[in-house]
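Scrolling down, you'll hit the structures one after another.
Next come two complexes, and both contain chain A; in the first it sits with chain B, in the second with chain C.
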Partner chain A sequence: MDHFARLGLPAALDLEPATLDRAYFTAQRQWHPDRFVGRPPDERAKASTEAAGLNDAYRTLKDPLSRAVYLAGLNGVELPGDGKTIDDPDLLMEAMEAREALHEAATPEAVDALAVRSRDEMTKALAGLGTLFLRHDKAAIRKALLRLRYLDKFAEEARARRTNLQRVKA
Partner chain B sequence: MAYSEKLLDHYENPRNIGSLDKNAEDVGTGLVGAPACGDVMKLQIKVGPDGLIEDAKFKTFGCGSAIASSSLVTEWVKGKTIDEAETIKNTDIAKHLALPPVKIHCSVLAEDAIKAAIADYRAKASKKDETREAAE
Partner chain C sequence: MSLLEIHEPGETPLPHAGEASLAVGIDLGTTNSVVAIARDGVPAALHDDTGKALVPSVVAYPDAGGVLVGEEARLLMAHEPRNAVASIKRLMGRGAADLHTVAGVLPYEIEPGSGQTDMVKLRIGGKARSPVEVSAEILKALRARAEAALDKPVERAVITVPAYFDDAARTATRDAARVAGLEVLRLVNEPTAAALAYGLDKGSEGLYAVYDLGGGTFDFSLLRLEKGVFQVLATGGDTALGGDDFDRAIAERMLAERKKDGIADQVDEATVKTALALARQMKEQLSERDQTSGRLELGGAPSFHALGRAEFEAMIAKYISRTLDIAANVLIDAGMSVSDVQGVVLVGGSTRLPLVRTEVGGMIGKPALTDIDPDEVVALGAALQAEALTGGGDTLLLDITPLSLGLETMGGIVEKVVPRNTPIPVQLAQEFTTYQDGQTAMAIHVVQGEREMVADCRSLARFELSGIPPMTAGAARIRVSFAVDADGLLAVSAEERTTGVAQRIEVKPSYGLSHDDMADMLYDSLEHAEADVTQRLLVEARVEARRNLLALEAALAKDGSLLAADERAALDGARAHLEAAIAGEDRDAINAAAEALESLSKPFAERRMDRGIREALAGLSVGELESRVGE
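Take a look at the complex of A and B:
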């Protein structure tokens, strides 16, 4: 059973956090170990397997990027793993320039400005993904997800850079 | 995780950090990236009239192993011909730096980077030859 089906949700990119929370907590109550105290071992084992599966589903679907990557997998889009370089010169150029700019940003404000811009790009890219899924455009989905991974990584690096700059200031 | 002394040395004192003019005819640029971790690596070579690599620079945004791998490659390729430089294998890099298994992909990336830089240089050189022939 896939993560969406496990939570009784349609397999789609758009998912309100509140809807996901509700589906998760409802299902989690049903399989809570407390309800299986004193039940036969096979039922207890099933309950704990189900509960673990629900946690896994919730964790995967909660973050929009991880949800998109997972949905892409269900649609037969495979993302490259470790190893060979990605073959997308525009993305690499964009990533290199962004990381250089971040490296040169000398104040928390400068870092924030870059982070905001990259967050906007991320929101735009996620919004565009929906259409690509509807069109089943696998190559475009793959390209967009790789870019999102880089934007996500940039956000992480920007947070780290900001913390460092503040520490120096303090 | 224990890292080797050679790796730490390259990480703490990276060789040849910087950039060369990517539009220059005698400079080849390789830009590569690891899809899983979001690292990005630029490696450039400058080839002299004698066909030897006279300078190499790199810029890597990534983990220590990625930085050390690219730093080592710039050091290795200097003074070599591009044909020699092309034979550098990721396994040589990994072995020299004693990279842990989870970091082997960083050496793969560095090999990809030097290969890409060489390919870029060759593409420029053959274009130059064509223009020269056309002019004759």
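Take a look at the complex of A and C:
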């Protein structure tokens, strides 16, 4: 059973956080191991497995990027594993320039500006994914997801860089 | 005559199901412990004859014999310091390296040789005792108090642990309960229990922070409360930061002052305990007034020490700022900002310090919730959860893993399998592969922590998956599965998947057993597993060799005429050799003989093929030949 089906949700890119929460809480009310205290061991084991499955589904679908990657996987779009080199020359160029800018940012404010820009780019790219899924354009989906994954990683690096700058200041 | 009921094994009704057996909530604290019970959603702490709810977490084994727990044990500590122990919770699941010292001396006497690779043991009252045994004494006393107050047997409990407790400490807590004769319905994280106590009382909804600074541990958690659901979003903390550190700072200062005044102290375990007890009193007084003083008498030499609140606050500022750093990181982890937080719950005796209240209030920018006694709030929440679990309440508690779980990979780098703040229960797996041609075993080292290098994380368990069939590097697929249950306890298993040589080894990370004990236990299972695999490979080699012999015999019967007499003799010799090897137990011998026979029979096979082709081609037209080739 895929993660969407497990939570009784349609397999779609758009998912309101409140809708996901409601579906998740309802399912956990049924399967959480706390509901099976004092039940026979086989029922408890099943509850534990079901609850773990629900948690896996919730975790995967909660974050828009991981949800998009998962949905792409269901549609036959395979992404290379984490840490693989970037095979898209445009993205490679973008990544190199952004990394250079981050390296040169000397104040927390300058880092924040880069992080905001990268977050805006992410929002835009996520919004554009819907059309690509509708067109079943696997190559374009793959390209967009690889870029999103990179932007996400960049945001993380910006956060680390910011912490370092603050530490130096303090 | 009543009919006998027959149940499936494991399906008998709960004991005492008919006689309303009670389940209590227990806060097993570093400094104090509390037991509480909830009835119809109303929790109450259980008091002793004098009306006190707090049981000091002190255990004493007096020279006169017997065991004392609580206030009596604390009093005895002054007279027989070697027979009593406090703050045992700091040692649950810990090794010797985790202990903090005052003036280079520990307030514990460590059993020699313990705590290197296993949980540290203490020498108390002339006997080696483990933190599990000592904690069990506290739990027994709480259980007795509950049974006396309720006049009913108490055999089940929800016990709270710091959210940031690692697997070893959780396992140790569960074991202590077992020793005390208590079935643990659930280990609940302290901040979650505190939120439960507040949430149900007030019907609050939204995002709340819990700042829990106890005697020995600090936790900061963010929880979302919504219609009876308590969802923990993120947690962080330090299992070695709390009020004990403040006591230690004051005690060290006093010892330094004595030294400056020319008093040459023999600093040992007993004097450290005495200095710590006074330090604690002074600390508590400073929450009420601006200035305090104390008289410390060690080895017959008295000294007087004055301490102002401002001075004390300067001494502990670094600890408080560390708690605020942790809180800030938890907010980032949850993707939340301070303005999202609706309120902060203060838990633990150390939150009585005025400095803590102002600093936390300042950071969150919201008044702190303190109307439930911070010493009792955790036990009250645990009692509510105990009632919910036994009575089928409607609240739902969704908790998370506090620390990342992972495996050691090449070069001592940690590969995280279960990231921190993952909702539990959880089952996640990751595939690994071999790195050397022909590698038949893989060392699996399970660690807990956030650091990239294994050396900086806590080692939970090591085992070896052996019997991997030799393959080229990178061909094996070893799947390592991590399962964390609703109590936050971990089980790890591993199996090799390409060849169907399925080996599963369950590893419960275990502090109580030394690595050697654990290695022995695992070795037993592995030896069997390895023997099984060896046996399987031997059988496979025999089957394959026999198949080749049969094929060769058939060929000889048909085309034996293709061989010269000496060739035939050599081949027969090799056949006999292989048959002898098959009768033996040595797989390598079988394979070697099979190979020898194969190379010897190669010319024969080639001649047979030539003859076969000539026969096949004889008498065929070109057209027929083409159509046959096309088939």
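The rule is simple: the second predicted complex is superposed on the first by the 166 of 170 C-alpha atoms of A that agree within 3 Å, B and C clash if a C-alpha of one lies under 4 Å from a C-alpha of the other, contacts with A are read in each partner's own complex, and residues count from 1 in each chain.
Here, contacts are C-beta pairs under 8 Å (C-beta built on N, C-alpha and C of every residue); 3 or more make two chains touch, one makes a residue touch a chain.
Bear in mind the structure is a predicted one, so any value in this text is a computation, not a measurement.
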Touched partner set for A:136, first chain B, second chain C, both or neither: neither
Answer with first, second, both or neither: which of chain B and chain C does A:95 touch in the superposed model? first
With both complexes overlaid on chain A, does A:103 touch chain B (first), chain C (second), both or neither? first
Just checking: does A:48 make contact with chain B only, chain C only, both, or neither of them? Give me first, second, both or neither. second
Looking at A:124, would you say it contacts chain B, chain C, both, or neither? Reply first, second, both or neither. neither
Now for A:159: first (chain B), second (chain C), both, or neither, which partner does it touch? second
Footprint overlap on chain A, where chain B in one structure and chain C in the other make contact: none
Where on chain B does chain A make contact in their complex? 31-40, 42, 59, 61, 105, 108-109, 112-113, 116
Touching chain A in the complex: which residues of chain C? 8, 10-11, 14, 185-186, 226, 229, 332, 388-390, 392, 396-398, 422-428, 483, 485-486
Chain A to chain B touching residues, read off their complex: 79-86, 89, 91-93, 95-96, 99-100, 103, 146, 149-150, 152-154, 157
Within the complex, which stretch of chain A touches chain C? 21, 25, 28-29, 32-35, 37-38, 40-42, 48-49, 51-53, 55-56, 58-59, 159
